[in-house]
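Both complexes below contain chain A, partnered by chain B and then by chain C.
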Partner chain A sequence: MLKQTEGSHAVAEAIALCRPQVICAYPITPQTHIVEALGEMVKTNELAQCEFINVESEFAALSVAIGASAAGVRAYTATSSQGLLFMAEAVYNAAGLGLPIVMTIGNRAIGAPINIWNDHSDSMSMRDAGWIQLYAETNQEALDLHIQAFRLAEALSCPVMVCMDGFILTHAYERVDVPTQQQVDAFLPAYEPRQILDPADPVSIGAMVGPEAFTEVRYLSHHKQLRALGLIPELATAFQKQFGRDSGGLIRTYRSEDAETIVVALGSVNGTVQEVVDEMRADGSRIGSVSICSFRPFPLGVLRDALQHAKRVVVLEKCLAVGLGGIVSDGVRKALSGIVLNGYTVIAGLGGRAITRASLRRLFEDAERDELEQVTFLDLNADAVSHELERESKARRTGPTAEAILRRIGTVASRIG
Partner chain B sequence: MFQIRIHGRGGQGVVSGAEMLSVAAFLEGRFAQAFPSFGSERMGAPVMAFCRIDHKEIRSREPVLDPDALIVQDPTLLHQVDLFSGLQPRGYILINSTHSFDELGLGAFARGVGRYRLCSLPATELALKHVGRAVPNAALLGGFAAVTGQVALASVVAAIRQKFPTVVAEKNVAAATEAFEFASKAKDTIDA
Partner chain C sequence: MHEQEQQIKFYQTGTFTVGNRLLADDQRSVQADVHRTNSLNSGHRACQGCGEALGARYAIDAAMEATGNQLIAVNATGCLEVFSTPYPETSWQIPWIHSLFGNAAAVASGVAAAQRALGRSDVRVIAQGGDGGTTDIGFGCLSGMFERNDDVLYICYDNEAYMNTGVQRSSATPPAARTATTPAMGHSPGNVFGTGKYVPRIAMAHGIPYVATASVSNLRDLERKVRFAMGIHGARYIHIFVPCPLGWGSAPEDTIKIARLAVETGLFPLFEAQHGAVTASTPIRHKIPVTEYLKLQKRYAHLFGKEPDIDRIARIQMMADRNIAEFGLLQ
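For the complex of A and B:
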């Protein structure tokens, strides 16, 4: 059924259609609306046979989800930013134990400086924890990916994070097609656990593993994700058959087949990138883009196929690997191992900085002329930066950096974009 | 594509206004996107929300930088925010005020360069009269429908009824309807 609704609400409806039995919730902006909506659905019995557990922290939220999953039920939670960091130990445990929990990340920056707005620093910080990570381009895809995520997680006994851009998607109203319960039931079978804490048939889960077997257990986690590289496209095809929509998969290409310049990005910014690709194509540029949906497992093979004919690849990243540059770029470069082309990393949209069509167009035109640095910070305020560096070079006690930059930049409430 | 930027202050229903507008356009079979640009989420702080309406899927996620219409829920923002930034020539400005644009000292400017189409609407007064609270968003949407013709009043009314429980919805519907009538009367002057 077509609806005009908030992204968070669309995701909550998708989760409810997946019949979770335990939902653990601890509020943090910008994911809060999702668990709020689910809380209401449980209370009104719209979502029946589900326990909604309010916990005291994010660490508890995922720990309770781990317990529930180990007891053999379908478990779900959601978080953002610092919340994900606070549950970090449990994030690794859920994957290490092979528990198919699904968790939404409403992507948000990590402090300090404290910032509630969108970037990918939170989910990227957990990229190697053993979870599958899928990034949604639109609210429709966020909804669809959650339905695929439970099936993927349970097929592999591996937890899945569905990442959606905070505010940009979570708080955006747009058209979504919400499937029927019948459709979802036909796509997502009842959960059949591979392991279960059952008093009638006792096992222990979470053994201490020494050097004699640790590598083997770890290797099997890696192997699981390599299997996901095959399973994710299969599920996208099965989803297409059941629901009539293209959603998910490893990557999606846009006008890239004959492109000399290809932009690679994750998440909602791909829409804006495609707009700019169309504008520049109309003016004769040979430019295209590739959206990475599955960041873990990282789709080395299909990316190589999609990018290898290009003259240059621009990786647009909403996260900074401080002291290195880009995180996604590393994977892209690995995918292109042995192929000679120009690779550029662009850090954009940090802490909610708007990524505008105008800025992207300037950036891509610079790239076409190969006039980009290896690492570029989109729309960096060079004046504020050099002023601060100069100040710091002249005195010792210059005080806190963030406050000084804010003073230099002045009031921002008056600005648009 | 038709793009709208709504300016107001936290607590005035700026975000709900953009959401309802997107629902109204959706109900007419079009694609619409509404999203907020939160500041620090305080009551009274300047807040912006955006709405795009189109006949095809909307892909861009950038803030509305070049609007076709501005809705100003709080005229005191005139001195704080770069409200008219990017407004397209012949763009619409709906302002919540009992004063005309000339009385606000903006008439000559706004009719000048961009030949903007101006509508001053006492939305807070209408909200106080019908809703009993100073929430001007529904009234301004009624005025928006009248002035721009982008959505029908019936769609705005349906969107309001989706958003609020019946009693509150009907009060807001009354405010939007009176605002629609008010703005309709001024339409010829506005388009001149």
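For the complex of A and C:
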């Protein structure tokens, strides 16, 4: 059914259609609306046979989900930013135990300085925790990916994070097509756990493993993700057949077949990138883009196929590997191993800084002339930075850096361009 | 089989123990029953005289009996988890899961929620951990489980320090006790006075249906409390005193003796509480001075040097006396 609704609500409806049995909720902006909507559905019995638990922290949220999943039911939670960090130990644990929990990440920056707006620092910090990570471009895709996520998670006994940009997607009202319960039931079979806490057949889950087997256990986690490289496109095809929409898959290319310059990005910014590609194509540029949907497993093979003919690749990242540059770039460079081309990392959109068409066009034109640095910070206020560096070189007790920067810039926190 | 029930007065034996053969079947301890489940089976790696291994076996066997073997256990990281399980030699005869150090109560909440979702009201859930996993790192999740009144019995096996990592202080370590992080050195040797927390009281403050303390020295009392706890629903808490020969510097064969002395001195009061109010306590028959308890443990050796540390011993005696008054232990 077509409806105009908020991204968070669309995701909540998708989750409900997947018939979760335990949902753990802890508030953190910007994922809160998702669990609020689910709480309402459980309270009104629109979502039946489901336990909705208000927990005392994100660490507890995922821990409750771990217990529920190990006891054989479909478990779901959502978080963002500091919440994901606070549950970090449980994030690794859920993957290590092979529990097919699905968790939404409403992507948000990590402090300090505290910042509630969007970037990918939170989910990127957990990229090696053993979870599959899927990034949604649109609200429709966020909805669709959750339905695929449960099937993927349960097929592999591996937890899945569906990452959607905070505010940009979670709080945006857009038209989405919400499938019927019959459609979802036909796509998503009932959960059959590989391991279950059952008094009729007792097992010990989560016991200690020494050096004699730890490598093999870890290898099998890796192997699971390699299998996901095959399964994710299969599920996207099956989804297309069932629901009549293209959603998910490993990557999506846009006008990149004959492109000399290819932009690689994750999530909602791909919409803006594609608009700029269209503008520049109209002006004669040979530019295209690739959207990475599956960041874990990282699709080395298909990415190589999509990028290898280019003269240059610009990786647009909403996260920063401090002291190195890009996180996504690392994977892209690995995909292009042995291929000589110019690779650029662009850090953009940190803490909600808007990524505008104008900025991207300037950036891509610089790239086409190969006038970009290895690592570029899009729309960095160089004046504010150099002023602060100079101030710090002259005095010892300079106070909180963030405050000094804002004093220099003035109260323009709403500046978006 | 006893045709008629015999009235046995426990004081006649000089202790709270009495031979099972003198009792009717329904009064016999679960541990004395050849059909006990041995939920924590023999062959594990606990030290000689381990109070925690004993406490866990008593408690889980009693819970199994009370639930018709429909039990799932969640274990915090710690000695109990480590000595009982390295794959593939698990000692657990029941469905058992270990997730992390600080989340046993939350994982148990999840297991309990799953049983509700599955409509399995017969399957019951226990979470268990040591004092570190309960009173320190797991405290947030424990309090959350309590306040939601989740259908979980949480059992804390209290050996008063982090034993698994080599005897470091926890918030359950008593004053004056020597640990690796409260060495018996300086002007105030051992753990300082005036710190720590008493989790049974904090559990009661949540108003949960049932809170009890128990000791491995009082088997029937411990089993009765576990059975009672499994007979009701909601959040329940049992705090079991379990001596640790390795960490306390006591003889393995003295584990039960030390546990009994902790009760008889008043240092570890045995009581029960329902919905936040104390409902019963186990009286002390002959009050024993705390020195009898302290002297058996090397962690207190610095109190008994060439010149006994009269001041600190007196302060520990005051703690015992306060418990005796507070819980009405001398009747």
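The working rule: the second predicted complex is superposed on the first by the 412 of 417 C-alpha atoms of A that agree within 3 Å, B and C clash if a C-alpha of one lies under 4 Å from a C-alpha of the other, contacts with A are read in each partner's own complex, and residues count from 1 in each chain.
Everything below uses one rule, namely that contacts are C-beta pairs under 8 Å (C-beta built on N, C-alpha and C of every residue); 3 or more make two chains touch, one makes a residue touch a chain.
All of these numbers come straight from a predicted model, not from anything done at the bench.
Shared-chain residue A:Ser125: touches no atom of chain B or chain C. In the superposition on chain A, A:Glu275 contacts chain B only, with no contact to chain C. Ranking chain B and chain C by residues of chain A touched puts C first. In the overlay built on the shared chain, the residue A:Gly206 is in contact with chain C alone; chain B does not reach it.
Of the two partner chains placed by superposition, only chain C is touched by A:Val22; chain B is not.
By the touch criterion stated above, A:Asn342 is placed in contact with neither chain B nor chain C. Of the two partner chains, chain B is the only one that A:Tyr173 touches; chain C does not reach it.
By the touch rule above, chain C contacts chain A in their complex via residues 69-72, 74, 81-82, 85-87, 90, 92-100, 102-103, 106-118, 123, 140-141, 143-144, 147-148. If you check the complex, the residues on chain B that touch chain A are 5, 15, 18-19, 22-23, 26-27, 31-36, 38-39, 41, 45-46, 48, 58-63, 65, 80-82, 85-86.
Partner chain C is touched in their complex by these residues of chain A: 21-22, 24, 49-51, 53-57, 59-60, 63-73, 75, 89-90, 93, 97, 196-199, 201-210, 213. Contact residues on chain A toward chain B in their complex (touch as defined above): 4, 6, 116-117, 165, 167-168, 171-175, 268-269, 271-272, 274-275, 354-358, 413-417.
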